[in-house]
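Order of writing sets the chain letters: A, B, C and D. Residues in each chain are counted from 1.
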Amino acid sequence: MTVGNRTRAALLLLCAAVLACASAAWAKSRHPLRIGLGEEPRTLNVWMASDANSNNILSQIYQPLYRHTPEETEMVPWLAAGPPEMEADGVTYQVRLRPARWSDGSAFTAADVAFTCRLIKEFKIPRHYSRWKFVDRIEAVDDRTVRFVLKEPMAIFLTRSLTIPIVSEKEWREVADAAKKQKKPLATLFNHTVERPLGTGPFVLEKWHKGAFLHMKKNDWFFGQGLRIGGRLLGPFVGEILFKIYGTSDVAMLALKKGAIDMYWQGIQPGYIENLEQHPEIRIFSSERSALYYLGFNLRRPPFDDPALRRAAAVLVDKSFIIERVLQGYGSRMDSILPAGNEFWYNPNLTEYGEGLNREQRIRAVHRILKEAGYRWTRPPVDDAGKVQPAAGLRLPDGSLMEPLTILTPPADYDPHRAISGLLIQQWLRQAGIPASARPMSFGALLQQVKARHDFDAFILGYGRLSLDPDYLRIFFHSEFDRERGWNMSGYHNPEFDQIAEASEKTMDLEARRLLIYKMQEIIARDVPYLPIYLPREIEAVRTDRFAGWVQMLEGIGNIWSFCQLSPVN
Amino acid sequence: MKTGNEQRDTLAAPAGRRDWLAGGWALFWENPIGKIGLILMACFALMAAASFVPPLLDPMYHPMHGVDPEISHATGPSAAHWLGTDFIGRDILSQLLAGARIAFMVGLSAAFMSIFFGTLIGMISGYAGRFVDTLLMRIADMVMVMPTLLVVLILSSLFGQLRIWTIVLLIALFRWPGVSRVIRAQTLTLKHRPFIEAARVTGASHLRIIFRHIFPNVLPLALLYMTFRVTSAIIIEAALAFLGFGDPGTVSWGMMLQWVWKTGHMFQAPYWLLPPGICISLLTLSFYMLGRAMEEVLDPRLRKEGESE
Amino acid sequence: MEIRRYILGRLFQITLIFFVILTVLFLLFRLAPGDPVSRMVDPNMTPEDAQRLIEQLGLDLPMWQQYLIYLKNFLKGRFGISFHYGQPVSEIILNRLPNTILLFTSSIVLAAFVGVFLGKIVSWKKGERIDTWVTIGALVCHTLFLPWLALIIIWVFAYWIGWFPLTGMISAEIWTDPSAGLLRKGLDIAHHMALPLTTLFLIHFGSYLLVMRSSMLDTLREDYILTARAKGLDEATIRNRHAAPNAALPVITSVGLSLAFSINGGALTETVFTWPGLGRELVFAVSNNDYPLAQASFLLIAAVVLTANLVVDLIYAYLDPRIRY
Amino acid sequence: MALLEAEHLSIGYRTRNGLLRAVEDVSFSLELGGSLGFVGESGCGKTTIGMALMGLLPANGSIVSGALRFKGQNLVGISDERLRKLRWKEIAMIFQAAMNALNPIQRVGDQIVEAIRLHEPEVSAAQAAERVRSLFSLVDLDPERSRDYPHQYSGGMKQRAIIAMALACRPDVIIADEPTTALDVIVQAQILAEIRRVQKEMDVAVLFISHDIAVVAEVCRHIAVMYAGQIVEQGTREEVFETPAHPYTQALLDAYLTIEEEDAALPQAMKGETPNLIVPQKGCRFYDRCPHADAQCRQEPPTWISLSPTHKVLCYGPRS
């Protein structure tokens, strides 16, 4: 190497070093709250957004009339000034609004609320329309009062309908009018690109640098500023938020440890906890979730059309094993479709299949159940001497050999827990001679197979964010929803259940409705169209050295209460 | 140039083959790269063979289903688990050994198939000429510009999780054009050699000429390319599994990395992260080294195309 | 004249191949199970909602009609609207493409130069210790498992030593700072690019080095090298003026041929480093059933590879006087 | 004093099986403006001698013993740097045209200019180009074509260009290694005439290497016949042609004449294979193929016998 080369190399090194130091120094000058996102938000079009990351951003901007307090016991008025006033006819509600302003300073009025609700009804916007189709009329009585007239009394109106985000008429009127003239109005509305969403929330979007970050600033017009709602004094006390995109949680965890972000807004795997706990400035939150992870059966065809076999499977599945190993203890077993945390609606007196039994006892129990139901083996799981052995040649009560069956699971990259649980369940079922094999499938293909084609034996799926209102019980198992793309994926038909479900939807009296919901849970636990398996906990990690005030609630700390209350340390 | 031709001629003549083999072996062994490659590969072959042992010792050493009843989270190396356990208590060493078996299986079978397609198409294309040649080579061009990993990724994400054999087949289906180009070129030079002309004059059928006369002469070249294809097959399978599109019923090294990645142990459990990565790299290295050493023995002039992969 | 005919011929071929890929892709994506609507797991989504969405997305039309629309739009330069982002695909691609080009081209060019340079040097010392070690080193680099290497690099250089940012392309802090000038922003990108660049560089330079080395060794056996020696040229001149230019020709071919393969690595690198490029977008679109986006990105990649191969052939022809079309 | 002189020169190649003695105890000399031809079948060591003269032996080859003197200076053991300066300036080489002796991606003229300016740095680019043009004219090439690439030339033109290149620095010695092989007969004759002509005009000594004794005879005044690494007969053209003493020379001439007459069977002597040069046999190296061999030939290597002051042979019983 000549002298010239060496000098050049040294210069290069120097440049790299300067670069490294300089960029580290630059980061120190301001104090934004920095949050890691798992993926880029899909869109800022609130009607199109259905993914967690878009919703994370939009939840700072578009606000509902009512929302749950962190304690989850009650709904508190948010954009509304007080609880809805129901008139004597039982179908007319009147809601007073707070004096609020949009982030551009213009006034938030009843017309905006009416516009939003009509928009949903006119465009039949997916995911929202079902909660609004029973609303007959929406009227702006005056600037600060909205009146809703329902077609019939509806139990879910307050909890499910009045929690939709309100958009501004100014922002959407033209878009909606233009879309209506198109051949495909809904698609046009969905494909409308929103650059700077106009909301009433605590933050406004400053810039979205595609593929890299989103920059939000405090909304000076935020209606809640300085107010005390749900017993909490609202800020925001943070000037700016930077949302950075990290494609993999591993890197996000490194960023957290390094101090490049203050919070990672996505549940993390339990595997990280041990290491994160060694960092004094990192705090782990483990929160309850309202979710359901379950094994679903196809009741439309053998072999799982037989409840006995479904119950046998329920006994064979060792939920505790899955929770302890796969979830590393961060989760709890489920016996009802409703999570146990939903204390008001949850029925605690349900059959706990296989609870407390060890492997051998489970196999014996299943042997008994199946024998009684008329199943036979060429080699039974329990031999004549009462010893457990590998079973083979399981025959259905009608004498035919059980065909090999598959358990569909999402792929490991989508959710390793479900993929591995599938493999475990496969092994357990085989112990009783049920020729099961787990088959992970791409998520889209899996849903197509299960929801649209109904061509499957069993599957493992989950619902991430179930509402607190248990109306979904009806949607999952009412025979009305057993059709293409319906949510009754098992094909469960039970007239008794249907009747109770329909009643529960319309019963306004809470206690009476609770009894119906209890009954529904019982029926499902008896017939096992779905076998609830586990309820994972939401594990989140934050740094405590720069910001404090995270509010823990159901589904974790990433909620509007946190963002309204976070404030810089010192 | 001269040496190359001479060697090729020796190849064609059966009489010289034994001498050539002995000489080739000496040349091969003299090459440090060939030696290292062979030794490495022998180690991995041993690993693959040893993979049958642990499950026999104790069912908890089954790489897929066996879990240590005492352990329910990832642990480092211990007496019972020399490389530690994964997060549900499976033994990492037995997974690593099983992975060696899978890697050999995937690598060799995918390579074999792609060489099979490539050689067949190359010979037909070169021998038939004209329209068939143009058609096959245009198809080859087209397949060649497809980034194999992305294509297989698309296919496996579209059609659900693929079985390991499907993955192998797909890799083979997209890795033949390079081989067939080289084989075609070689066939073209052979086509007008006297012994082929002679065979044609004596009325041998096309099939007979291709398989009896051309095939033995392109075989060494095909074998050489096989070693390179083995490496690319192993890498593609591993990358696929790493991204979560592998066969979940199989314990491959890529799957192990996927587990360590997706369960959040990536930077927490070096005893789990490092071995599969090192193994993938070293096994592909060993095949590659073998190929390079073989190449120097076979003919230093035939390398250009295969190597960029 | 000749060369123009050759280029036209090649362009025609490329168009043909492109059209076939276009059709195959269309069929693949339509035949595959799963659509964007069924992915929305939300009990609030009623079957009617889903049906409505499917109609709106035009997924209910017969296949041939969808194909015709697809072709028509394609010819007009419209790739449709991304299911996932609800934005025109062309906008998304145009946003991502420069990033990919920046990372990919710079790494390939750098790798090719360093590879050729080192290959030239070590071939001169064939059989010596340095040759063996460099060759083994290149082999090791070339066969390293890329995603794994990328993660290790992140861990060591971005986290443990902490010289570089973990992932991404720009740092939000600097780009939201109104006082930050163009230079600072440029340096920021360079700073972020260092690690992915190194990863891709390590993977590629080995292969170029090996090709160059082999090619040099072949060239050194050529008679004109003997002539050059006989002329009394010193070794450096022989190496640089006579051997290397001839030996570099196969390397150019090899770069072209390995381009498709390099793109795999590019996509993996982008994915691991969260580099907002086309490869990452493709992987992401594929796993989200975003057909229009996945199709368009894949087509673009295919087009780039095809064109790049043509360009490589032209460069080759330019550099090698023996080839004239 | 001879211009170029070899004394008991032995050259060996290291191979896996041992040292291959490609040239064994060879002595010859070449006068200023003289011409010497080496004849022998391939592998007899003639090219090795040429390469040794240029200092271009391959990495595994080296001069084992003996001396190689150019203008009195021993080339054995000389530094690479000095040898390099000597090349082309003093000793140039004409390569076989079928070989790629010209760099395919450089213009022919540039390759010649490179040689000129290397050894005569004081020459400007324009002057060098001018010299190339005159060299081209000298070897009957169109000067305009100096800007072409080698692949645009025919075999004969390439050969002329190579000759022009060899003459570029006005060397004292030109080594011509099979310069006419692979050319058709007419072009071959033209090239040989060309070499003869430039040799005379420029008064340069030529060391001519060929397997074809007839070709050598056309150019060289002296001929050395080589067999299995040794010179077996040496003499003037007339002596060797008219009174070949060594059975091998006789066989070569026979073969030559046979071809000329298109008749007769393969000469006796050509049967059998050339001996193994790694483990040399005890006696005469030609023993196996010699029609006149006897017991003595088998036991002891023969010694030189002088037939005239210029003509000598390495044989026990040279027959005429």
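Here, a residue touches a chain if its C-beta (ideal position, glycine included) is under 8 Å from a C-beta of that chain, and two chains touch if they have at least 3 such contacts.
Since the structure is predicted, the reported quantities are computational estimates derived from the model, not experimental observations.
Peer 1: Specify the chain with the shortest distance from its C-alpha centroid to the centroid of every protein C-alpha atom present.
Peer 2: Looking at where each chain's C-alpha mean falls, the closest to the middle is C.
Peer 1: Which chain's mean C-alpha position is the greatest distance from chain C's?
Peer 2: In terms of C-alpha centroids, the chain at the greatest distance from chain C is D.
Peer 1: By count of C-beta pairs in contact, what is the leading chain pair?
Peer 2: Ranked by C-beta contact count, first place goes to A-C.
Peer 1: Could you tell me the distance, in whole angstrom, between the mean C-alpha positions of chain A and chain C?
Peer 2: Each chain's C-alpha centroid was found; their separation is 37 Å.
Peer 1: List the centre-to-centre spacing of chain A and chain B in whole Å, with centres computed as mean CA coordinates.
Peer 2: It comes to 43 Å between the two C-alpha centres.
Peer 1: Averaged over CA atoms, how far is the centre of chain B from the centre of chain D? Could you give it in whole Å?
Peer 2: One centre to the other, that is 50 Å.
Peer 1: I'd like to verify one number: the distance from the centre of chain B to the centre of chain C, where each centre is the average of its C-alpha atoms, in whole angstrom.
Peer 2: 23
Peer 1: Hey, what residues on chain A touch two or more of the other chains?
Peer 2: 248, 250, 254, 413-414, 442, 445-446
Peer 1: Out of chain C, which residues touch more than one other chain, so two or more?
Peer 2: In chain C, the residues touching two or more other chains are 32-34, 151, 155, 159, 271, 287.
Peer 1: Let me know each pair of chains that touch one another.
Peer 2: Per the contact definition above, the touching pairs are A-B, A-C, B-C, C-D.
Peer 1: Which residues of chain C touch chain A in the complex?
Peer 2: For this pair, the touching residues of chain C are 32-53, 55-58, 81, 84-87, 95-96, 99, 151, 154-155, 158-159, 162-177, 180, 184, 187-188, 190-191, 194, 271-274, 276, 280, 284, 287-289.
Peer 1: Within their complex, state which residues of chain C touch chain B.
Peer 2: 13, 16-17, 20-21, 28-29, 32-34, 132, 135-136, 139-140, 142-149, 151-152, 155, 159, 207, 210-211, 214-215, 217-218, 221, 250, 253-255, 257-261, 263-264, 267-268, 271, 279, 282-283, 286-287, 294, 298, 301-302, 305-306, 309
Peer 1: Can you name the residues of chain B that touch chain A in the complex?
Peer 2: Answer in residue numbers: 64-65, 67, 72-74, 87-89, 156-161, 243-245, 248-249, 258-259, 261-269.
Peer 1: How about chain D: which of its residues touch chain C in the complex?
Peer 2: Those in contact with chain C are residues 54, 56, 84-89, 92-93, 95-96, 99-106, 111, 114-115, 118-119, 149, 151, 165.
Peer 1: Quick check: in the complex, which residue numbers of chain A touch chain C?
Peer 2: Touch residues, chain A against chain C: 16-17, 19-20, 22-23, 26-27, 29-30, 32, 34, 39-40, 42-43, 45, 48, 50, 124, 126-131, 184, 186-187, 190-193, 206-207, 209-213, 215, 240, 242-248, 250-251, 254-255, 257-258, 260, 413-414, 442-449, 451-453, 461, 463-464, 466-467, 472, 475-476, 481, 483-487.
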